[in-house]
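In order of appearance the chains are A, B, C and D, and numbering begins at 1 in each one.
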Amino acid sequence: MGLLDKEFSDGNILITTTEDLFNWARLSSLWQVGFGLACCAIEMMATSASHYDFDRFGVIPRPSPRQSDVIIVSGTVTLKMALRVKRLYEQMPDPKYVISMGSCSNCGGPYWEHGYHVLKGVDRVIPVDVYVPGCPPRPEALLEGLLKLQEKIRYESITKKKNEVV
Amino acid sequence: MIYDFLNDLTGSPFIAGTITALLPLFAFILPFALFAVLLERKVAGHMQDRLGPMRVGYHGILQTVADIIKLIQKEDIIARNNDKLLFNIAPVLTFAGSYAAFAAIPFSSVFLGANIDLGIFYIIAVTGLVVAGILMAGWASNNKYSLLGAMRSAAQIISYEIPTILVVLSIVMLTGTMSLYDLSESQTSYFWNWYLLGGPEFEIQKFLLIPFMLIGFLIIYISTLAEVNRTPFDIPEAESELVSGYHTEYSGMKFAMFFLAEYANMFAVSAIVVALFLGGYQSPFGYLGNLLNINWLIPLEQFFWFTFKGIFFVFVQMWLRWTLPRLRVDQLMAASWKYLIPIAFFNLLIIGIISIL
Amino acid sequence: MKSFEEIVEILKNYFSDTSIEPKSDVKFEPYIIIPPQEIDKVCLFLRDNSELYFDSLVNLSAVDDFNGQKIKDEQGNEIMQGGTMSVYYHLESIKYRHKLLLRVITERDNPVVNSVTSVWNSSNWHEREAFDLFGIKFLNHPDLRRILMPYDWEFGYPLRKDYQNPEFYQGMKVPY
Amino acid sequence: MSVRTEEMVLNMGPQHPSTHGVLRLELTLDGEIITKVVPHIGYLHRCFEKHCEVMSYPQVIPYTDRMDYLAAMGNELGYVIGVEKLLRIQVPERVEYIRVIMAELQRIASHLVAIGTYGADIGAFTPFLYCFRDRERILNLFEITCGARLLYNYIWVGGLSHDLHPDFVRLTKEFIKEFKPNLRELNNLLTYNKIFIDRTANVGILPLETAINFGVTGPMLRASGLKWDLRKDDTYSVYNKFDFDIPIGEGKMGTVGDSWDRYYVRVLEMEESLKIIEQAIETLPDGDVTSAIPKKIKPPVGHVYSRVENPRGELGYFIISDGSTSPFRVKVRAPSFVNLQIMDELCRGHLVADVIAILGSVDIVLGEVDR
């Protein structure tokens, strides 16, 4: 380990404070891709709407993936759609996060056995940060998923590798 | 003005110039844009039975700060098929266009970047850069949505410049000056001296002018609304049609520049309207500084009144945005060429006739 | 409003007995069996006849009758040989408020049916769907492509009863 | 001088803010004028019909929910009516009344989404959120009844999964009372807005002949001027006991059958649904909602076509039974699937912005288009 590496890996005050600031900014302003797939998309819309109000947490839908930070995969990913979802994910700029909303995108949901055209879990094409179970998840569940994601971002570090983070 | 003051203070024209140039950016545009975005979200939220940002800072006041810090961290994507040079220049140009306009905007009788004789002419000219930037962005993105958005935007801004200029012309004709400073100075002390209410000359013409001034004010407000691409004229970035229009392909800081330029522009056009029709930085009820005999209070009061009036019109723009649907591209053109321009033209004629009476 | 028998009567006046085969002894809904090569002519007649005026095709359903011979292929999967496939047409006259059910029976190994898109535009996508999921070819269809499955799906027709799902599609694992 | 011009192909979707899901439209443009629209569907093909063939009759009901996820109650109702026809079951009157109430509440909820998203497509975002706010109250009513917000599995073969909550009648009355002024507010904000009318009137005119030939049903067909509603014309459940009108398009702001008419028919239908709910609640009979649920569902060999008027049009189930406990084949005639075919016909010669206006007025749900 070189001197510089050591200096950075120990996490001195300067780095940790900027890191905290950056993490705080990232977690407070998670813009989602305005993108819905199936039933869960309706619940996602309901979460953005007046009663639950995603905007309270700083989440606003952006129509273009280039300007978004988080993609909420809301609904069944079919084989025909899977590569499009992947491309959408690839179009987003780093750092980017994925919330898999609903049983369908977690694991295929009710279509796991006989769904000849259903991808059994969106994690087969893109990496997922937070899974929200439910069919469809209630808006509260999605909010909880978002808070979990924020928690995850809070402890991210530029010096440590992502998978070392608890 | 402020340049002379700084020049005296530091003795160096270079430092004075730099500070004068950067002052509006850091003292006003950035804070204003951050504030305006937050205001927009709060206004939208409350109009829609929501709360808007709540978690970041007290009632979400730090929301836009977080947004900007986040946007700085984002990856800057330049796709393989983008025209790299234009793609990089476009946001800078757009931002520079709206930033340069602030040079001639009279925030108060002392806080004024440059007292140009052709102030209003200069502002209208440099905001033309925005169009160039948008066109470049649309072309360089190599994205059909961006291209359509850019084309629409260029057509729209050019069409709506004409009624704006016709109305500006009528004011210029009436006052004989293009300097925004002189215009503001002439509408002094009380609100009945505003050009919206016929100007400071207390004669029969003043009362004849009032209805035509109101028409002129409405026209310039509508057309400036279109120039900054706000609803109901937001077709260049119409979310539901063109994804995000000309800035679809931009990410990170470049997108933020477009974003800042948009909000800076909103204030710039409101400022023009305020300076032309609503007395500029003049207080509508006289000055507290005069009353208490404190001279240094007056510029502060003026600054307050100017930003207050400007932000009020920005608020009206937001209010309209969250109330109205958007027009279609052909209806938009028709609104300008069939209605606004002829009306503005006749308005100009009538104001001309009244002024020679 | 015409009853099923009256409609059959009118049809029999215009078409030969071999092409009109009414089935009224089934439970719930009686239907008429039409040969696959004549369905478009019969439908055109049904639409344009002033007494019948079936101006709307409500539904078109393909069905794998699965009544052939079960055999095993090389991998030991059970597949079907021979047998029939049917296409059901639900017609309705909005003007006279009567309904009719037609059935076309075709060979399962090489299902070919005449398209009725020229009669009712609404059958366009229904027929494409039947082609996509069952492999029934509709002659004279203007645009017979896959509709629900991906255009490059080459693993057969999923709604056939003996369909086997592939292991991988474009690098993605398909089974759970 | 001749200028070489080229047609541009614009791909809209599958990820696009206003395709209402994962629809892909391939637009061929001449400038901004549409010369051809090719819809590509199937991005949400979830193999409903295959599942029907392996599931038992009651197990299919949750899958029907997931087709038209905005009108799950209506989907269940159509399927259950079909199976009951096969089994020849008579269900208690209370069950029928509750089913009607639920279906009509669902119709309002679904139309609210349709209207709200339509507003958002045109650029008015606020009505969208107002609609969702009101919809949330209907979802609360569903939630106290069966515990689910969106997909209910509530209407069972021969009965219902739960009886009504004791508070249901009171809360529904409260909802109706509060919803009526909200509907007026919506009309003021959006329906009679000059810009909204400019954007939608005389856009995407659908003549009646074309509509019938394309098999279009539901509010779209009614907007073209035909009084055709299965609730009245091929009545099912207990709809014949209630007094309500069928609103049709009158070309108030433009031509009969334009987008505004399609939109307005939905607004009027919500009022009619309120009427039905009010009547049904007043005359709600007593009874046991689970008494007629059969222990074993094994219908005789045969086939049946059952259909209901869903918010988007005629939803039909063609159920073939081979005498076993699971259907031999279920074919769904999905209203959105049929209605969507007409996009090309409606869009030609219009501008890109009009495609959005037309698509919104067709009101599709992709879950149902692709099944």
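The definition used in the following text is that a contact is a pair of C-beta atoms (placed from the backbone, for glycine too) under 8 Å apart; a residue touches a chain by one contact, two chains touch by 3 or more.
The structure presented is a predicted model; accordingly, all values stated were derived computationally and were not measured.
Peer 1: Return the chain label for which the distance between chain Cα mean and whole-protein Cα mean is smallest.
Peer 2: D
Peer 1: Roughly how many whole angstrom separate the Cα centroids of chain C and chain D?
Peer 2: The separation of the two C-alpha centroids amounts to 26 Å.
Peer 1: How many Å are there between the centre of chain B and the centre of chain D, using C-alpha atoms for each centre?
Peer 2: The mean C-alpha positions of chain B and chain D differ by 45 Å.
Peer 1: In whole angstrom, what separates the CA-based centres of chain A and chain D?
Peer 2: Chain centroid spacing, chain A to chain D, equals 31 Å.
Peer 1: Rounded to the nearest whole Å, what is the centre-to-centre distance of chain A and chain B, using the mean of the C-alpha atoms as each centre?
Peer 2: Centre-to-centre distance between chain A and chain B: 37 Å.
Peer 1: Two-or-more-chain contact residues of chain C, please, as numbers and ranges.
Peer 2: As it turns out, chain C has residues touching two or more other chains at 148-150, 158.
Peer 1: Which residues of chain D are in contact with two or more other chains?
Peer 2: Only 16-17, 42, 45, 47, 50, 129-130, 133, 370 qualify.
Peer 1: Could you tell me which residues belong to chain B and also touch two or more other chains?
Peer 2: 48-50, 239, 243
Peer 1: By the touch definition up top, name every chain pair that qualifies.
Peer 2: A-B, A-C, A-D, B-D, C-D
Peer 1: Touching chain D in the complex: which residues of chain B?
Peer 2: Touching chain D from chain B are residues 44, 47-50, 144-145, 148, 231-232, 234-235, 238-243, 322-331.
Peer 1: Which of the residues in chain D come into contact with chain A in the complex?
Peer 2: Spelled out, the residues of chain D in touch with chain A are 14-17, 21-22, 42-47, 50-51, 54, 62-63, 66, 69-70, 113, 128-130, 132-133, 135-136, 139, 149-151, 366-367, 370.
Peer 1: What residues of chain A sit close enough to touch chain B in their complex?
Peer 2: Counting only chain A, the residues touching chain B are 21-22, 24-26, 28-29, 34, 49-50, 53, 55-58, 60, 62-64, 66-67, 69, 91, 93-95.
Peer 1: Would you mind writing out the residues of chain A in touch with chain D in their complex?
Peer 2: For chain A paired with chain D, touching residues are 33-39, 41-43, 45-46, 49-51, 61, 63, 65, 75-76, 78, 80-81, 84, 88, 110-111, 114-118, 135-136, 138.
Peer 1: For the complex, which residues does chain A have touching chain C?
Peer 2: The touching residues are 79-80, 82-83, 107-108, 112-113, 116-117, 119-120, 124-125.
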